[in-house]
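First comes the structure, then the notes that go with it.
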Amino acid sequence: MTIYLLLLGAPLVAGLIALLIDRDEIRPWFLPAACAIHSYAVVACWVRLPEPAVSGWFRIDAIALLVLTLASALFLVCSVYCLEYLRLRRGRDNRLFTACLAFILSAVSLVCVSRHMGLLWVGMEAATLAAAPLVHFNHNEKSIEATWKYLMMGSLGIGLALLGTFFLALAVLPYTGPGDPLMIDVLLARAGMLSVPWLKGAFIFLLVGYGTKMGLAPMHSWKPDTYGEAPGVAGAILAGVITSCAFLGVLRAFQICAAAGLADFARGLLVLMGLLSMAVAAAFIIGQRDFKRMLAYSSVEHMGILALGVGLGPAGSFAALLHLLNNGLTKGVLFLTAGNIHRAFGGKTMDHAHGALRRVPISATLFLLGFVAITGSPPFAPFISEFSILRSAVDGGRFGVAFGFVGLLAVIFIGMATTVLSVVYGTPNDQPQGPVQGDFPFMLMAPLALMSAVVFFGVWLPEGLTAVLGEAARLLNGVRP
Amino acid sequence: MSLLLAAVATLGVSAVASFVFSRRAAWARTLVVGGLAVAAALGGLLASRALRGQGVPDLTGIWLVPGAVFHVGIDPLSACFLLLVLLVGGCAGVYGEGYIAASHGHVPAAPARFFFLLLVAAMALLVCSRNAVLFMVAWETMALSAFGLVSCEHDKPEVRKAGLLYLLCTHVGSLCLLALFAILGHNAGSLEFGAFAAAPTLPAALRAAAFLLALIGFGMKAGFMPLHIWLQEAHPAAPSHASAAMSGIMIEMGLYGLLRLLALSGPVPAGVALILVVAGLASALFGIMFAMVQRDLKRLLAYSSIENVGIILLGVGLGCHGLAAGSPSLALLGFSGAILHTINHGIFKSLLFLSAGAVYQAVGTRDIEACGGLQRGMPWTCGLTAIGAAAICGLPPLNGFTGEWLIYSWLLRPDAGSGMRFAAPAAAVLAIVGAFAVVAFSKSCGTACLGQPRSEAARAAQDPSWIMLAPMLLLAVLCVAIGVFPQPVLRAAFAAAGDVARVSGSGVGADFDQWSRLLAVVGLLGVGVWSMGALLWTWRNLLLRRRGVGHGPTWGCGFTAGTARMQYSGSSYPVPTARVFASLIGTREEVQAPVGYWPAQASFASRTPDPALELWLPVLVRRFNVWLSAPRRLQHGRLQISLLYMSVFLVAILLWKL
Amino acid sequence: METLTSAVSFALLVLFAPHLMLGVIAKTKAAVAGRKGPPVLQTLYDVVKLLGKGAVYSTTTTWIFRLGPVVSLSAALAAAVLAPLGGPSLVAFEGDAVLFAYLFGLGRFVTVMAALDTGSSFEGMGASREVAFSSLAEPALILSFAGLAYRAGSLCLERMFSIHVGPSAVASTILALGSLFIVLLAENSRIPVDDPNTHLELTMIHEVMVLDHGGPDLAFILQGAGLKLVLMSSLLVRLVIGDLPFVGAAGAMALGLFLVAVAIGLVESSMARLRLVRVPQLLVAAICASAFGLILVLR
Amino acid sequence: MHELSQLLLTLIVFLSLYLLGSSSLTGCVNILALQGMCLGILPLAIHERGFHSRTFVLAAGMFVLKGFVIPRVLLYAIREVKIRREINPLVGYTSSLLLGALLIGVSFIIAERLPVPAGLRTGLLIPVSLATMMMGMLMMISRIKALTQVIGYLVFENGIYLFGLSIAYEIPWLIELGVLLDVFVAVFVMGIVINHIARAFDSISTEKLTSLSD
């Protein structure tokens, strides 16, 4: 129970304190504290999975553990990053920003630990709402527009997800047993007796609903605007954590379908949306001049890869779950360094930002490395997961899918390389504007830590992690507890 | 095998250390030279063991990555390439120190050193890796460090362009290789090379796909036409020692991959062999044609790399044909010719790139029209260049001839006539290629080194420091030595060919003895040429000692006021040859003929655009953009439309799937 | 004994045959023109005289210029070792044909480099033309070699150039003769490709490359060029006479060389020099001839 | 009771159609309020097991919230930004009415494929809720004023709530929580953003919000 309290409570309390405190310069320090406690709890989970609590409404299984770990790690480094970032953005009131970051952590922890589809949905909704002020942080016209789009589409998606949850309820009803009918364990236990049409409907609505939050095409169009306008750190949180939690929602739905013997139906949809997302990303990454929007599309692409992987069966699910981690970490690197470059040049298009290697050498190098990593080059971690997904496609005899996968990866690489190289290389064409220039230790430590993790997992995948991944893939593909 | 690990580790450590101590030039230099020397010693020891047939047990380590095993092994095939990598890498690296020092900060020292050592280390690991994942890791490390080298001087726009092009090409190639290994792994149930070899043959369709992927993946790196687009851009862009390593060994890695794949996958159908032969001939012919008409020294060399790769590919194709025809001796001959030429090419091409670098630093330009008469200022460089040029033309007393001779004797051997109708035409094309090579390199060497200086810089040019000359000297000596005494290298090449053709040691031995006896005669005649030359030279000197030797201006056929600008220019030199084949390479000439009795002005300009880069690639890109601009219109920033997509998609799915 | 005699005869041949052939050519042309003509061994006298002379070097030139003649002559000598003059060639092995062809390549390369070393526009022009035409002569040579090699079942000159009985033997022989003769004319800078004794540098090819050479260098060059002529003509002869026993072979070879020289003389006195743009067509004709011969063999 | 539920459901659909057709913002809000009241009454009528204390609470809460609170907030917002009516929407009123009719048909088709949940008195509930949602979406798609889009979102929410009624008996808390949260989004957050928009662009027409695009 204490673990759950730490996971949910610590960030919540930190957020509330941040709301109450009046001093802009002390406020941010509560974030790292809360994140440290949170990470401590997560480590405890790795040591020994905690018992179910609140009559089984809270439990952490392998799948949740992965997402939770990713969220905790990203938040820890981002909170460190924020210390310096917010110091640089002095003058802008960071009360809401800090508080909302903490609330998001609490909400995503809720999503991870809850064993109830309704509770999971509540967590998702809370996270969505709490993220809005982050997007809005810059308070200019563009950020308002981005926030508006984010809210409208997000709320619509979340509404659809709620509807999907209702469908699930209708699929399981009438139910007269212990516990709430929407408990995941109940659903899995009665998977055989669920009403198929309602379940199918539920999966479709949950996929579209949570898929909107993930940013799967064609529900992706809020993503470039939001990521483009939000500060780099917010982008990292959105692209690394919230999307992963939304994916967790999809995974839960898939888990139930698989248990109910609807795996093929679900996989078909996932493969379809996966390839669609990659194609859309490819189309928009080519010739993209704004490197933050480019990252957003790359995020769309990788969400597609995740969906595709799960759609390709057990081996693919293993790879997809691994890719969930790798993508989150690498995206963290990319967004944080992109934020640094953006600030150093006062612009986020190739026209403003050019020759970053000269002005912010370390950030630019990390940005370049992150790009190389995210496009699946060894020896970085995403290579392993993408290669495994390719292998699972080939092994499954899905040669068409494999061909599309490789082809789209190539196109996307071409698009990204063109932008990234022109941002990183060359000589800056204008004099640095603004008071703050160059690299800052804290704002480098965060991406540096993430990058080293990416390299490490690229050359060495610890047994413990592999075991958890295997367990998660097993759970995912229709194994009843 | 621990020797290999030690070598790779040495290189890696010295790479990092040289990066860390980049401020202390002296330390970094010692680190680089020392690291390369140690690595070369260790690797050389290992390779010589493997080549002497002492079985070196593989080394396998647990590697906690799905499908991956840290599995390295060495066989003659690996040993040949390992030796080549360490030799050329070592020479280029040592030279590079002088080059960096002399560039006065134009070449950023830290990245140049770091990426170069990384490149060598990656290639050393690559040729010994026995697991697909390890192979890919080494492969990509190689590709990326080469990218780092190419974009060292990224302040120049053309360098950035070249770097981007190279990166795109190499990554597309790597993706093809990933797909290839996925297919092979699917068939073998494991990513171990051994499993690939043991696996049942693929079904026809997959086989064709795998072959195509391999050809694109490895060919993109090796630079066959028309996959060569990056090559002639990237090699000039990189610092010269890097270009030497890239052109001398990195592109050979593509060929190594091809050979390794053949060694694993066994005989290929005759049609495939024919495809390889045709591709090789096309690369050779067009490569050298484009080389002939270049003005940029390093670009010319890059194109000639395409040519040599084509010749090597031709040899590989011949070997495959031998396998398909069920004649191991033919297969051995073809493969060993290819491998021998690979080794030779590595040597003389790196020599030429290094000397080109020296010329570039001395004159400050790569345009041969601005050089000329360097022979006076830099006799060493030019002499070594001349040797390299003669070698790359495949002229007898030098090493270039040996490999081509093997390939010729495959093509012209009596039983090749029957059933292999392509043999004779291939021989003819090879002859044309040889003649064109003479044109190209007599042009480059003659225009740059000989005659009168065409610019002040050329007049003032001086030989580089010994640290740059020594490696070039070593390579040149090797060119001569292999030319007159090819047997040891031939033995290695045959042993490697035995691996590729899956022929047992004894079977290799018989063929090797036959061919080494013949090549020994060639070598002896080479000795004869040298000694006869020396004899005549001394005789001539004796004769001239008795008589006086006068000096005067060049005979201008009565015209006495000749200037340097009246020399035959390097651009016009190949024109008579190029005119004959202009239709093939699309040379364009803009002529403004002199008119009237007192013509005021006249001009002549000819340029030969690279078809792949300037003709079909832009078209492709344009079409591509057209295709992509359609969906791009869908993201118009209107919230309502986005919502529309979402709802329509939802309803459609509901109606379709529910 | 055998080897000694063959060595001696080889030395004599290498020494005198070139000049005899050149002399015969000159005589023939003179006879056709109704002149008396120079003595048969005139070129030999020239060579001897040149060997005794000093040399004048352009200040532009370097050691490469001085090296050119030496290497080209030694390459020609090495080729002579391989060539089946009269009896069996001194050195014969599978694949010596390729070496034979490439040794001429070596000679050409060094000559061209020497020419470029002078920095004279004329010599550069000559070099440019030389390499241009050789790039067409090479494939013709190799193709005819290929045909002969397939026919003889060996890539050894003395087996390739021998009487061959069998279907379409005569036709293929004639075609090989034709193409080799054209190659000979081109490689030895005879009319109709080049005019050795024109006096307008603009029209020269080979001669213009050696304008700056004098003294022993020029002597070496003349000797080498003549030797090249002899070697290629000897191949033609061998194609007809095959390998006879030693003595007979020597006589037959001498006769054959004489006839070839006469033929060259007749061609030179009967034809005018082709325009430079036409020369490639001639060489392509040679390629076609050898290709056709090849097809006959492979059929 | 059965007839009553039928009646209410039909009324709800027609109110949604009316919303699609009407241009005046205040009018829209009033219609929305009316629809909210209907929704408030519906729980009492929908379930054959009749009254249930919790259902009663739910009904009362919804009646007040959807019938009075939300409309008040919206009217306040309208007064704030001083606009009266929706001018030239992306989809004209007549055509959006036609589309609405079409959507009703579609929703019935979809509902056909789903078995009627146990314990429901009428099979009309599912299709009506689907139709309401779709018409809400249509409104968000076809209108350009931010406020109208919010209204459209509220209609969509009403549809979801309607659907939730079908399981209100088993899992009542879920609907309440969901609805409350959604109301929070719809009114407060969006209200805040709208005010920002109004301040930044001195109008709440979302035409201005199209600068972010590729």
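Think of it as A, B, C and D in the order they're written, each chain with its own count starting at 1.
The rule is simple: contacts are C-beta pairs under 8 Å (C-beta built on N, C-alpha and C of every residue); 3 or more make two chains touch, one makes a residue touch a chain.
Everything numeric here is computed off the predicted structure, so don't read it as measured data.
Located most centrally within the structure is B, per distance between chain CA means and the overall CA mean.
Taking each chain's centre as the mean of its C-alpha atoms, the one that lies farthest from the centre of chain B is D.
Among the chain pairings, B-C comes first (most C-beta pairs in contact). Computed from the mean C-alpha positions, the centre of chain B lies at a distance of 35 Å from the centre of chain C.
Remark: chain A and chain C have CA centroids separated by 78 Å (rounded to whole angstrom). Chain A and chain B, compared by their mean Cα positions, are separated by 44 Å. Mean C-alpha position of chain B lies 70 Å from that of chain D.
Shown for chain A are the residues that touch two or more other chains, namely 148-149, 152, 156, 197, 201, 224-225, 284.
Shared interface positions of chain B, defined as residues touching 2 or more other chains, are 632, 635, 637, 639, 643, 654, 658.
Not a single residue in chain C touches at least two other chains. Pairs of chains meeting the touch criterion are A-B, A-D, B-C, B-D. Within the complex, the chain B residues that touch chain C are 372-373, 375-376, 379, 386, 390, 393-397, 401, 405, 408-409, 411-414, 416-418, 421, 423-424, 427-432, 434-436, 438-439, 442, 445-447, 450-452, 518, 521-522, 525, 528-529, 532-533, 535-537, 539-540, 543-544, 547-557, 562, 564, 566-568, 572-577, 580.
Listing the residues of chain B that touch chain A in their complex gives 63-67, 133, 136-137, 139-141, 144, 151, 154-155, 157, 160, 163-164, 167-168, 171-172, 174-176, 178-179, 182-183, 185-186, 209, 624-625, 628, 631-632, 635, 637, 639, 642-643, 645-646, 649-650, 653-654, 657-658.
Contact residues on chain D toward chain A in their complex (touch as defined above): 113-115, 117-119, 133, 137, 140, 146, 149, 153, 156-157, 160, 163-164, 166-167, 170-171, 174, 177-178, 181-182, 184-186, 189-190, 193, 196-197, 200-201, 206, 208-212, 214. Chain D makes touch with chain B in their complex at residues 90, 106, 109-110, 113-114, 134, 137-138, 140-144, 149, 206, 209-214. On chain A, the positions that touch chain B within their shared complex are 148-149, 152-153, 156-157, 160, 197, 200-201, 204-205, 208, 212, 218-219, 221-222, 224-225, 265, 269, 280, 283-284, 286-287, 318-319, 357, 372, 375, 377-379, 383-384, 387-388, 390-391, 393-395, 399, 402-403, 406, 409-410, 413-414, 417-418, 421-422, 425-427, 458-463, 466.
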